[in-house]
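Below you'll find a set of structures to go through.
Two complexes, one shared chain (chain A), two partners (chain B, chain C).
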Partner chain A sequence: MSRSLTTPAASRLPLLAAALVAAPVLVGAGYAILASLGLAGPGQAANGMLDASRWHFVLSSRSTWWSIGWSLQVAIISTALATLGAVVVAAAFSTSTRADRWARGVATLPLPVPHLVAAASALLVLGQSGLLARIGYALGLVQTPADMPPLVYDAPGVGLMLTLAWKEWTFLALVAIAVRGSIGDLYDETATGLGARTWTRWRLVTWPLLWRGLLPSVIAVFVFALGSYEAAVLLAPVQPAPLPVLTMERFADPALARRGDAYVLALLALGIAALAVGLHEWSRARWSRLHTDTTRGASS
Partner chain B sequence: MCVLTAWVASGCGASGRDSAANDRASVVSAADELATLTALPWDSVVERARGTTVIWRKWRGDPAINAFVDGWVAEQLRTRYDVRLEAVEGQGAELVNQLVLEREAGRGRGTASLLWINGETFAQLRAESLLAGPWAGVLPSAAYVDSASPIITRDFEQDPAGYESPWGSVQFALIHDTVRTPEPPRTFAELAAWIQAHPGRFTHDQGFTGVTFLKMLMYANGGGVDAFAGGFSEERYARGRTAVFEWLARVRPQLWRKGTTYPPDVAAMHRLFANNELDFSMSNNQHDVINKIRQGVLPPTARATLLRDGTIANAHYVGIPFNAPNPAGALVVAELLLSPQAQYQKLRPEVWADGTVLDVTRVPEPWRSRFASLAQDPRALSRDSLARYARPEVAPAYHERLQADWRAWVRGDTARRE
Partner chain C sequence: MESRPVVASAHRHDAWCIVVTTRLPAPHLLRPIALLALVLFSLGPMLLLVLQSFAFGWRWPTLWPDTLQLDAWRNVSSGTLGRGLFTSAGLAIATTCAAVLFALPIARGMATLPRPWSHIAAALVFLPVAAPPIALGAGLHVVALQLGVAGSWSGVWLAHCVPAVGYATLVLTGVLSTRDARDEEVARTLGASAVHRWRYVLLPQLRGALTEAAAVAFLVSWAQVALTLLVGGGAVRALPIEVLALVRAGQETEAAVGAVLLVLPAMLALSALRRGAARV
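Moving on, here comes the complex of A and B:
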């Protein structure tokens, strides 16, 4: 649509739509701020006075920082694994041959599996008496459950990372396949014509284009993995507690007065998610500027 | 968006009958309506409940209990009273948080008319004035409640004061496998020795049952339940806490996963026990083991055992929230749950085996004879043993503090603020 055809009402529509989408988050965040200061929610101060003790307690508690650090680590590693898997699928099965189409279809099969089912299945497969341990027993590698390395309720969160990576890999693969398809073969053919070898083509042409298209989804997966409760509550250890589990734990604390801590933790999680999205927007703006400058330079 | 908001505000699927009840709400509050109902003859309460729906928020974590409620209870309510029952998930802290939010939202009436509660949840609901009442005394079957039992007439030492009506009682038990552990330990001292001799084979869960286990440890090593009775005392708690954490520190290196992590709940413990990762599980219901054997969750050789130091017994109750859309229906459901017929039905080993809160010597015939002749499952603990080792709950603050201190201890964190 050209600028001259855009009416003032039409130009306001996207803003209105964005406001409607953002409204629940803004209202929720506003309420959480009030509740974190003892002005609303369970366990609010009887005298209705502003009380910053929840912020002080949460921020000075070691478990908060352990929890944030551990959750960041799990989210980063599981997102990296999922991205790697997705890129491999998109790169390895990119042609329109029947075999590649089948492979792409099979790679996205886990997509409809709910996260809760994936986590419950992980318990049955990865547990010290799970399927892997039983295969190990059949092969003579494991004699008792304790011989099997702990992969669930484990301190590094291996089972949780594998479950999140397995679930998100399929989502990212779907996006990566679509992005790879939209890039087309022209760039590849041009690079080949200029003498680029396979690895050079991949490194300098396919990967940068794929990465730019995939990055918003990668950020979405990272934010989801950081805040995902279902898999974490089933698979994570007590210490460190994942951030969403710690938040729910505080929200259901037997002592009513301590439930306000959950709002502080929720706001911290929201802050980290907003930071991730903000960093992405910043890098995209920077990339767009570079791209524009390069195009101008080339045309002058 | 507006449609969605309106739908959420209307209670996400409350039936038309509940809407009618909500209309009444705009005129009188639930508390006023309940007060009026309690002054009426019981038959009039039943008449007012006819044709309505009751939403009951309850713990739905056990298939046997769900089958009893969704099957037998719902069917009885429908055929005898023309009341439709919707039993939905909700327990403990969730109930309190939800009602606080509903109160803040300023709606006349909420969604649930009945809540399954006890202990610290009852204390918080009362402290926040989120329960309507008193009403429990008007139920016809309240006349049969075992008023001599301190476990039923006191909820974590609190007087229910008519704001909740009992409907069952349970007692903590350890679960072991008679093949793997034919001679289980019988005291906390024996248990500590057993744990040290069998590294990695014992733990407790992080939830309510695990804290109940710790509270029993506090009684056993802190001078008995009498040392903690009569309300919360900081000084007495400090002594009890020391006793608990001394015992825990001694056995921690030999606990499952060296005491660095603990199963999230009893369901996870049952799975670890059934898969031979643990030699003990535990439950707040002494008969849970029989239900779980029947469901195929636990092996047929699993049995419950009691610690001679004493095991905690408590009762569970139903309460009516301050904003109940259907107080008349809630009263009828509470009465059915307390009736000799329902109490007998859920006591049957093949149904749920939940303890009765009635004095079975005072109920009318034919129920007196039926209770007396109810065959006990041969795998169940004897009633004599249960009675001998039963210990009451103490003030809810002990539970709250012990849970908070245990979490801080496991996480190596600083003590929580008070």
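Moving on, here comes the complex of A and C:
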């Protein structure tokens, strides 16, 4: 009904408003492009000419690709762990019994815990003199903190991965529980009627529907994990520095000329995020089409 | 002879199965154990922080602090944590108000857009949400410098508003695009003015969604580190910045107090979020 009232000029207005929300990012990105090319900001070329040396320097630096690769690896593994945990909770506690409802409530309790707090508590749990090491001592597995395998500031980033997975899994569990609820039991019952066993039902019916509903949130979690600064700065190793930490270091570099590097790195991070946004919108549109089709199919 | 490894492997497999099945708890115990594991996994790290905030002299390798005392909590009001708390509360409340005020008309307009424009608008709004905070902060710092507010409370507030408006718009668009707009049409045909339609039709219908959007915007600002650091330039000492400094300085008890202070309002915002969701 509301669409019929919309004039063509008025329909452009919401689009302009949405562009206004994105404007600070676009302006910032525009400036970052100019600054990375030596046309503005710190490290600006004296003759005002375009200078691509910052791009060349950053892209040919081994530390840049090491940092990007390491950050992507941490984000992918932590997102996969969080997804696994969320799916297990959604599948294991899916009934409407009081115990399952309570379990779902408990699972989503850490949802508002900031990344910074998650990282601070990870240091208390995973640090070399943290709770795990103390439990290890009580069990006779370690004698000194040095015996404990390093889980923070470690080269593979195990502590950071576990922290990001712990932080993000509650959000994914919330979505997975909602998606699991929206799927209903119709397809499961049909598959059972056709002779499918539990594992077959899960593999061919529940998981594909759950995954499609979960995918936009998984992409969002990946982006958050990739861009998280506070968890990375507290738990990651010095070498390789995660992408957000490396960007911040360059941004605050006392040598003004090096600050141009920060804009190149920020643009690279923005590029990865933009790719993820595109993927997010594509999967969202695909899911909404599929959801409409399945709803129609179920009602007919 | 050739089948030996296979047989040995089969034996090993059988033996492993026996070990696994004999060591697994009885099926009726699996569920309580899973529930206990869930509680420990979800709440354990937070409970440890609470304990650490009262700890005095928690030396290796003891599992319990030597002494529990309230000193770190008593020092909150007079120390940097108290000032940080005050700054963060002001920033988060101001950001929440601005985000909801801006997001509501934007979301209302976006909900009326046909495809593919609705997808383009959603992608634009999603941009400040998805942009990595450091990349977003690097850009916003420039905008703040141009406006002459870099390194000030108002500059940080403006920076917090950017992702907060994005989040709030996404929350409200989701609800508005599935809302039945006929009530508003009826009110209009009955002669209700635009103000009356907002006051008596739209706002009561959206109370739940508005609570949700406000809670999300509050959380975005409350926990913000990167934007506060980059745009505030270290001059705006919000609570997360103080906690970050304390953790890096190894002051575990004070850092734990700050972390607990960061979690409590966030938990309250979550309960508001749940109440809002229940009303939608």
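The rule we apply is simple: the second predicted complex is superposed on the first by the 254 of 300 C-alpha atoms of A that agree within 3 Å, B and C clash if a C-alpha of one lies under 4 Å from a C-alpha of the other, contacts with A are read in each partner's own complex, and residues count from 1 in each chain.
Note that in this section a residue touches a chain if its C-beta (ideal position, glycine included) is under 8 Å from a C-beta of that chain, and two chains touch if they have at least 3 such contacts.
Everything numeric in this text was worked out from a predicted model, so none of it was measured.
S.K.: Using the superposition on chain A described above, determine whether A:Tyr229 touches chain B (first), chain C (second), both, or neither.
M.R.: Second partner only, chain C.
S.K.: Look at A:Pro150 in the shared chain and tell me whether it touches chain B only, chain C only, both, or neither; answer first, second, both or neither.
M.R.: first
S.K.: Of the partners chain B and chain C, which touch A:Trp207 in the superposed model: first, second, both, neither?
M.R.: neither
S.K.: Go through the superposed model and pick first if A:Ala241 touches only chain B, second if only chain C, both, or neither.
M.R.: In the superposition, A:Ala241 contacts chain B only.
S.K.: On the A-aligned overlay, A:Tyr187 touches which partner chain: chain B = first, chain C = second, or both, or neither?
M.R.: It touches nothing on chain B or chain C.
S.K.: Tell me the contact category for A:Gly41 with respect to chain B and chain C: first, second, both or neither.
M.R.: A:Gly41: touches chain B and chain C.
S.K.: Please name the chain, chain B or chain C, that touches the greater number of residues in chain A.
M.R.: Looking at chain A, the partner in contact with more of its residues is C.
S.K.: Just to be sure I read the superposition right, which of the two partners does A:Ser61 touch: chain B = first, chain C = second, or both, or neither?
M.R.: Once the two structures are laid over each other on A, A:Ser61 reaches chain B alone.
S.K.: Identify the residues of chain A that lie in both the chain B contact region and the chain C contact region.
M.R.: Of chain A, residues 20, 41, 123, 129, 145, 233-234, 251 contact chain B in one complex and chain C in the other.
S.K.: Touching residues of chain A toward chain C in the complex: what are they?
M.R.: 1-3, 6, 10-11, 13-15, 17-22, 24-29, 31-32, 35, 41, 89, 92, 99, 102-103, 106-107, 109-125, 129, 131, 133-135, 137-138, 145, 166, 170, 220, 223, 226-230, 233-234, 243-244, 247-248, 251, 262-263, 266-267, 269-270, 272-274, 276-278, 280-281, 284-285
S.K.: Considering the complex alone, what residue numbers of chain A touch chain B?
M.R.: That would be residues 20, 40-42, 53, 57, 60-63, 66, 123, 127-129, 145-146, 150, 153-155, 233-234, 237-241, 249, 251-256, 258-259 of chain A.
S.K.: Flag every residue of chain B that touches chain A in the complex, lowest number first.
M.R.: Those in contact with chain A are residues 1, 92-94, 96-97, 100-101, 104, 120, 124, 127-128, 200, 206, 257, 260-264, 271-272, 275-277, 396, 399-400, 403-404, 407, 410-414, 416-417.
S.K.: Taking the complex as given, what residues does chain C use to touch chain A?
M.R.: So the residues of chain C touching chain A come out as 31, 34-35, 38-39, 41-46, 48-49, 52, 60-63, 102, 105-106, 108-114, 117, 119-128, 130-136, 138-143, 162, 165-166, 169, 181-182, 184-185, 219, 222-223, 225-226, 229-230, 240, 243-244, 247-248, 252, 255-256, 259, 262-263, 266-267, 269-270.
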